[in-house]
Amino acid sequence: MPRLSGKVAVVTGAGSGIGRAASILFAAEGARVIAVDKTTDAVNETAARVKAAKGTAQAVAADAGSEADVAAFIAKAIADFGGLDVVWANAGIGGGLVPLGEQTLENWNEVLRVNLLGPFLAIKYAMKHMVPKGRGSIICTASVAGLRANAAGHPYSASKAGVISLVQTSAYSLAGTGVRVNAICPGLVETGMTKPIFDRARESGNESRIGQLNPLRRAASPDEIATVGLFLASDDASYVNGQALPVDGGLTSSVPYVQQRV
Amino acid sequence: MPRLAGKVAVITGAGSGIGEATALLFATEGAKVLAFDKNADTARATADAIRAAGGTAEAMTGDAGEEADVSRVFDAAVEKWGQLDIVFANAGIPGGWIPLRDQTPERWAEILRVNLIGPFLAVKHASRHMVPRGQGSIVCTASVAGINANAGIHPYSASKAGVISLVKTSAYSLAGTGVRVNAVCPGIIETGMTRPTIARLRELGREVQMGKLTPLRRNGMPNEIATMVLYLASDEASYVNGQAIAIDGGLTASMPYDVGQKS
Amino acid sequence: MGRLEGKSVIITGAGSGIGRAASLIFTREGAKLIAVDKADGVDETVKLVRAAGGTAEAVKADAGLESDVAAVVGKAVSTYGKLDVIWANAGVSGGWVPLHDQTVEQWNEILRVNLIGPFLAVKHASRQMMKQERGGSIICTASVAGLKANAGSSPYSASKSGVISLVQTTSYALSGTGIRVNAICPGLIETGMTRKTFETARERGKGDKIGQINPTQRGGVPEEIANMGLFLASDEASYVNGQAIPVDGGLTASMPYAGKLRP
């Protein structure tokens, strides 16, 4: 029995990585998907793949940090598919790794706009449709970087910490409405956003070192994040609320340590 | 103005390391100190050192994981000096370095007894004396190992995580009594307990790497824990309660990372 | 000899509440102060400091504006020759707007002052401190709202959680420099920013209900936050780094609960 049968889902950042994997997976489980990304070709490709697998999806090119765009693609879900059950605010930008003394306000503001204000807007507009129905599941992509240092640069980490806060406060704002809000904190995953890091490691012959710091000794694939999102989106997670779930192979369960060579 | 003027403190594990440093610091700040340790010689040496510096101290010996011993030491402090203001439940045993597959329930039970039941007993019996007076500060030694992995073996880490939980639940049990309960979570500190580990890592040429993991690039010293305990014990910390505060150079602010990469 | 003897300190949001309490306590302990606020209250703070025999200068500035922050650091150096401590305490609450009425403009202003401001403080203060020999201590005011829900609005809470992240990441960015970065998470404290909450409760005859849900069963006072800041600013906290420490009477040690507290 498909786990999202009859549900309508919006996924942002759907042009690659986690968002693409989620769009394809959700559609395979019976959801009709509005796939959103700022990159037109990429999001069209995602929708094409869903349709090729006999699923239902519409592609939308939009800026997940723009209020007008968010209002529009949420409205499109209602217009095209008649309802809204799941929103995965997944779109995000990396912000680079700039030494502290050289960081600029412009970079901070842009990272916060897409990574934190984007999810805020998604929740604000989604709840208008979910609350009258008395049900809904909102998922935000945070990061292990929102939990502790040394996973990414400062503005990215701060923005993701803000997302973790946002799912807590929003869950309480939506108390009694039947709408749940949760975050996923991916560890190291190869996506469009992290591709430069992986490429660099491969070029310098360090591919085998990727992901060595967590107990599974590897990075995740985007599918492994999508499956957790599927669980949170489904009714199986009906009592999971206000949480930030690390999906990181165990990385955040440790302090920095020296690898013991046996 | 001495920050613990007129106060009476009991410190367990006061014979060495963090306990010893704290006992000396407390006495400098005007507290009367009852130094408790399973090692009679070192407990006495701590009390002697305090007196030699002009402070007030007594020594007692016993097992910090035995209810009768714990109860007795607090009763003794009250009998001697009329009150009990501060308890630092610091006594603890390390786990050694035993792989999971070789660990035994007996070893787990012993570590839990001293490291977790001991602090529980300290909270239980100290509050007997503190609650009627409407004031008191209890500090327990947990560890960064109680927060996350790779700072101690499984039973040690579990016992210290238990202490972190204990200070939260106990703070609530003591709601409205004026008694506060907190924990300190030392990082990698140079003490008698950690000396074998640090020595082994030095032999393996890895001592430099240990310090490298924290932004301060070094291990901590017992006095750097003692100053936090002093703060928590004093009236300045009157609104700090139910907390487990890490003194670790920044270790718990991070997850594991590739030390070669600069952030 | 004061605990901050001879240290050069900047405190933002010094015109009232926590910032004013900190200004008085730090200068009492021998610090030389640059007191910063956008409001006139900062002049009164400096008057009070000088009346008590302390050293301070007032600066009117916007803690969320890069040029103002850089200028304030410059003033500490030109006035006192160095900078040892900065407490990025200035913050705005943003009020209580229901989620579906919140605007991007509100979010941006709260983030600007509450998160970008501390980032700028860390960036510019550390630049100066790295030119000096002895490192330094950077403190940011976060909030229990940065840890969990129901202590502030969504944008306020998100901004404060960002501050907690900031002290973690920047403590590591400053590895090897001897500069420590920490945050304090105040619970419910009566300050200029929270006055309305307290007054409303008192008007409704519910003044004694304030702060009932934490084990101390009261709100906190600004001095209690300032005392933690004093500790973190001093050399006693030499191994405390990358931490976010709640001073909240024990509030964050529990999840919500119904009914009266029972042992």
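Read from first to last, the chains carry the letters A, B and C; within each, the first residue is number 1.
The criterion applied here is as follows: contacts are C-beta pairs under 8 Å (C-beta built on N, C-alpha and C of every residue); 3 or more make two chains touch, one makes a residue touch a chain.
What you see is a predicted model; the values in this text were computed from it and never measured.
If you draw each protein chain as a dot and join the dots that touch, every dot ends up joined to every other dot.
The central chain of the assembly on a C-alpha centroid basis is C.
Here the CA centre of subunit A is 41 Å from the CA centre of subunit B. Distance between subunit B and subunit C, defined via averaged C-alpha coordinates, is recorded as 28 Å. Note: centroid distance subunit A to subunit C, computed from Cα atoms, is 32 Å. The residues of subunit C that reach two or more other chains are 168-169, 171-174, 242, listed in rising order. Across the assembly, subunit A contributes 148-150, 153 as residues in contact with two or more other chains.
Multi-chain contact residues, meaning those touching two or more other chains, occur in subunit B at positions 214, 248, 251-254, 263. On the side of subunit C, the complex with subunit B involves touching residues 167-169, 171-178, 180, 187, 214-217, 220-221, 224-225, 227-228, 230-231, 236-243, 245-254, 261, 263.
Residues 66, 98-100, 102, 104, 107-108, 111, 115-116, 119-120, 122-123, 126-127, 145-146, 148-150, 152-155, 157-166, 168-174, 242 of subunit C are the ones that touch subunit A when the two sit in their complex. Of all residues in subunit B, those touching subunit A in their complex are 144, 147-151, 201, 206, 209-210, 213-214, 248, 251-259, 263.
Contact residues on subunit A toward subunit B in their complex (touch as defined above): 97, 144, 147-151, 153, 209, 213-214, 250-258.
Partner subunit C is touched in their complex by these residues of subunit B: 167-168, 171-176, 178, 180, 187, 214-217, 220-221, 224-225, 227-228, 230-231, 236-243, 245-254, 262-263.
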